[in-house]
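So, here's a batch of structures to check.
Look at the two complexes coming up: subunit A is in both, with subunit B in one and subunit C in the other.
Moving on, here comes the complex of A and B:
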């Protein structure tokens, strides 16, 4: 099942993915994710043309066979980088000169270059041995077969190349970290500080094109975009700090490559025999890498600490519960003022008299009992001493705010309650003291109710 | 707009008639699809089928050669390409104006796993039925919708920006599609299912049944666009206004997305998922250079799309080993480049011509003003006759503006042609017409200078430069207002700053 070769495949993919994720973070922050996509498409004609040029140079005798083998990679890199950056520059030109909307300009340019690549690829099919499927989907599984000895280990050449690329990206980002960061978040400020934002822009474009074409043999030129943007997007959902984001993105990319290869090996083997197709034993690793990266994004989306949907839901529910408990406390206090100190025991009845929903009442009562702010007596619910203190502060906040609105802002009496009902949950005691001083210790609120003085915790 | 205040309750009659007429035209556009059908499918169709399966069976889907002659098959392919191009052009216009040009790309990429899943489901239901094209297209459409839904969800529910959302959805769906494709190819019959066709398209091997599906879908899509033209226009230009006016914006947006999915899905078969976006955005972007009116833009865009389909198929049929889908996309791009260069409304040539003409006019104005100032300096209220009497020397002009001798010579020749100046043994003289014209420009220049100095607190030294730019575009109405504001009394005011004259230039 999982052999040593698979480890090498996963490792090669992981390093390639991490190398992509680094420039991807900046693309994402600069809202140029689609530029990454466009560059990886536009690299196709560059690859084909470079291939053709290298082949012609060999046939013309300018390159020996050994020299061809050695320099082929350089030709490819140069061709793809030129066209990748050309795509970025061209789309900016079309956008500025032609007044075309940015994403449409990008689309027009990259689809043109891509179509050129496809046409060329087929036209020169006889002259070059360039498999289009390899360019588009990559052949991670085959690329690890080309190995070099390294000490006692035999290491795939692709792994070393990707490692070098990863380190190069790391060094470049390290060198220009401050400039890239400022230029990404605030190009105007960067220019004002004397940092050439355009230079950072082209550095990033070049880095992206270089990265995209270096790893296309492994993950394919189409799936490069997954490794550029998806881990970066996942990291962006998890943190607000750029350094953390870069580290997370690289780790997530590596994880999705590793898990992707594992999933490509094991998931079809688990699912398809059961469906009646025992011959399906594995699937495309590069495709699965993208799928796993997507799955990690969904996981971050749900379970992220700050922006995750679960965390947001819990936070919102906690706030709703707090407001419900406080409303209930204040309601109890007002009833006590009128001489009815007890609340019925059943939540249904409470819901009827207070107008809150039953689940909310149940949650609020549970909370209040746990905090010992109310207690259950045989006749009903009653405020405890601690609960009384809390309620006094709430009611004081409510009535002080009403007085303030009425006296200082001339808000009509009918509209006072609504505003105070909302704001009472957010006024702290210091603010209340200031309000009280400002209004010179008012006795009663505009509706004529007594404003309680501050209650101290005993 | 007669009833912009209230949402439509029924369609106007002429709107309906117009739509029907245009749809008839679209129907005619795909004529080739129907005529051979009526004549009965000839034996040629068989060769078409064998070619397509030959392509699917080869190691790489766009490797095989289909040297098409202009025969029945070419006509079939032509009608499919033309219909697809026209439909993409029409729907794409609204997508472009809504700034969602790349949504088509997302839909087409998202459709791939739908094709794969549909194949698997069909195979599970009944072995061997996986090649049933309508089923595969249905799967593609459903998956395309989930792609749109996923991107909407991500955009609304997270802090990811639009571009990142599109990139994420596109790449993850495409990855899933590749996974399913590799699985399908290991199934019995999966290799012959021709699923890679959906990636690269099989325009050159389209069959009659495919073309019928394409033209039916396109005709429907165009009909919907025309019937909802006003609503979609409002949606494209000002969504919030539409919502405030009570139009069902969400439903209209959904309609547009349905249309995009429909075009993208039939486009999968035509040009392939990688190039669908070309059909959807390039013709509209090209049409944008030709007009500022939406109805014309839709018509031009449809015509461009159809033309690109026509030309693309013709080119790829004439030469061996030219991929049809990519050629259609390239023809779209050529049309775009031509439009960007030549477009009468926003094209570069027109823009450059405007700029060039404006520069020429400015130079002429500067020449006249130079003559005036060399003769009269900063004085105002100079009589035109006095200007005609003076001689302007060429070296004075060179010093005044820093023109190169060649440029000055051309400028002087132009001024002579216009009858503003005439040569003199010692230099040049203003004609009466030239003197009047010169007075007009000097007045514009000085009025603006005075205004800047008086009302905008601009330093006198700077005012000259600023007025240089503005003097050419002041219309008579504005000049009158300036005169009233500055109380100059309608005459030619003197300059607020000193103007160096040449002591020897005015001979009187």
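Moving on, here comes the complex of A and C:
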């Protein structure tokens, strides 16, 4: 069941995730998502080396035991930041010297550093209390046990540390908001105006390294990567404004933490007995946070207002319906030209003649009737006056485009119709006027049909 | 605010390039450029692809390192005159999916004046909106920039240059890929700028319109072929020399040199 300790775990995770999401937004926009990944990996040897340095300092007597305890955290931070930023600098150097692609250079550098870190970690793991698993996956569940009293509350130390980090990131991004924005959007102009883009680049790299290493103890270096990029990517799908994106990313990251912890508590108990493993009763919170963040991203992909698949599907269907109604309208007009003003009512026969599917015909007829462009009479379908106007403009577009293709682009007569069938739906009246002027008011199209003059609905 | 601390060099040319050579990391090379831009004129930079037109602009803005040479903006090095130079980069040089509105982009032209770490306040947003209005885009101020057409994006860039209130403008292909209406709008804008005493250097691709839109022309093909008033310099003979193929030897030497410059860095 959800206890007060669970709230503290979720809150600590939420603040850590939000702190990651802020620099993550800029990494994503600068197409440096991999850099965040690389920096958090490269920080590993920095942490180990700093740890060794601190130990050596203690053994040599430069640091008292109390001083060691107090400064250990600072040592680790410094080591990680130095190597994290070093990774960014080093990969740029490899890129320039080796003439290789940026992502390849980055890959070479950070994998090497990470490997060195792992080897060092294995070598010293037996003698010291630095646990590889803890580095990779974090120990969110345990980290909240270390608490400090704060007024009437007893607050996990990790929560306060992450809160300080979040505020630091917030202040830095707030202060340098416009400089980061211009350096990310248009580094050339930024440089020309005296806002050095490289400085902003390294500010962001330092922030990323600092953030990654500050939270890795709680959530693990693997989850850091997820929290840097995934909430930012989700927010990017949902908005067109940078400020909103930053706020959304932080909120989504926090939501991932709360939902992730809840899922870690309740989902395994529901799922695993059913799979035949009743002994599994919970899952790692940081793992579930990443899963939830991923699920939110998928949800945004599906349901996002502008780029979501659902919205796109609806838009595409609306376009298909529009094209079907217009085709039907033009077809009615051509029949009327041939003296056949009334058309069969059954969609089956229309479908046979026009080649549209039955459902599409039915939807198109419904649409046209609703708009009062055609009317149903006992004997069949008939164009109304308004429908006639609309149809004239369509047929005009079709025939003008055919004339244009034939005359200006020398397209053979047999291929004109197909192209015009498509283009007629996209020509507005201004383009038609231009076409007409360009072709000097043609009378007939290449097939010999009369091109109707523009009809306006009065 | 632009009359820099009375250095007494107001009579200096907006842009003086002396003996400029640039060879940098696969960018086109330019050699021994000597040029002095006359004030208050619209100047086209014309030359074939790979002639180093954009590189020349970048060198004037200290965006690429120089092998040799000197560039003076109103009599002083560029870094002391940043506020007097406006830059319009190529439209393709930025990511138009970036989550900013047209107004946000225009306001970027004011960042230098606003100063480090200060927010873009309502006063500056109003200035940006006025600039957008001057290019006929005020009604689209809050559109995300991806939703603008190519011509509209170019106008946003020009509005951003306008708010900089510079005296010398460097523009990289302002007419590339714009519609006819935007082209006319840009030409009118350039003429207004000239009337206000500004100097504009623009990389231009359409040879047909050089004489119509510009007063002066700089013919460039890795080296300066000719420069001066359009009616004197923009001749068939000079054009043939400009477009008569790149000099293969210059290209090869330049390539080798750019490698060395990289090593020296």
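Heads up, the rule we're going with is that the second predicted complex is superposed on the first by the 386 of 458 C-alpha atoms of A that agree within 3 Å, B and C clash if a C-alpha of one lies under 4 Å from a C-alpha of the other, contacts with A are read in each partner's own complex, and residues count from 1 in each chain.
FYI, contacts are C-beta pairs under 8 Å (C-beta built on N, C-alpha and C of every residue); 3 or more make two chains touch, one makes a residue touch a chain.
Because the structure is predicted, anything quoted here is derived from the model rather than measured.
Peer 1: Once the structures are superposed on A, label A:122 by its partner contacts, choosing first (subunit B), second (subunit C), both or neither.
Peer 2: A:122: touches subunit B, not subunit C.
Peer 1: Residues of subunit A touched by subunit B versus by subunit C: which partner has the larger set?
Peer 2: The partner with more contacted residues on subunit A is B.
Peer 1: Could you tell me if A:178 is touching subunit B, subunit C, both of them or neither one (first, second, both, neither)?
Peer 2: Once the two structures are laid over each other on A, A:178 reaches subunit C alone.
Peer 1: Should A:309 be classified as contacting the first partner (subunit B), the second (subunit C), both, or neither?
Peer 2: It touches subunit B, and subunit C stays clear.
Peer 1: Counting only touches as set out at the top, which of subunit B and subunit C does A:330 meet: first, second, both, neither?
Peer 2: neither
Peer 1: Mind working out whether A:236 is in touch with subunit B, subunit C, both or neither, as first, second, both or neither?
Peer 2: A:236: touches subunit B and subunit C.
Peer 1: For A:297, decide between first (touching subunit B), second (touching subunit C), both and neither.
Peer 2: Only subunit B; A:297 stays clear of subunit C.
Peer 1: What is the contact status of A:245 with respect to subunit B (first) and subunit C (second): first, second, both, or neither?
Peer 2: second
Peer 1: Kindly list the residues of subunit A that each of subunit B and subunit C touches, one partner per complex.
Peer 2: 31, 97, 236
Peer 1: Along subunit B, where are the residues that touch subunit A in the complex?
Peer 2: Its residues touching subunit A are 60, 62-63, 96, 99-102, 105, 120, 124, 154, 157-164, 166-168, 170-172, 174-183, 186-188, 199-200, 274-275, 277-278, 281-282, 284-285, 288-289, 321-323, 325-327, 329-330, 333, 336, 340, 346, 348.
Peer 1: Within their complex, state which residues of subunit A touch subunit C.
Peer 2: 29, 31, 96-97, 175-179, 181-182, 184-186, 188-189, 191-195, 236, 239-242, 244-245
Peer 1: Which residues, counting only subunit A, touch subunit B once they are in their complex?
Peer 2: 28, 31-34, 36-37, 94, 97-101, 103-108, 111-112, 114-116, 118-119, 121-123, 125, 131-133, 136-137, 222-223, 225-226, 228-230, 232-233, 236-237, 264, 268, 272, 275-277, 279-284, 286-291, 293-294, 297, 301, 307, 309
Peer 1: Under the touch definition given earlier, write down the residues of subunit C that touch subunit A in their complex.
Peer 2: 25, 58, 61-63, 79, 82, 85, 87, 89, 93-95, 98-101, 104-105, 108, 111-112, 114, 116-117, 119-120, 144, 146, 160, 262, 265
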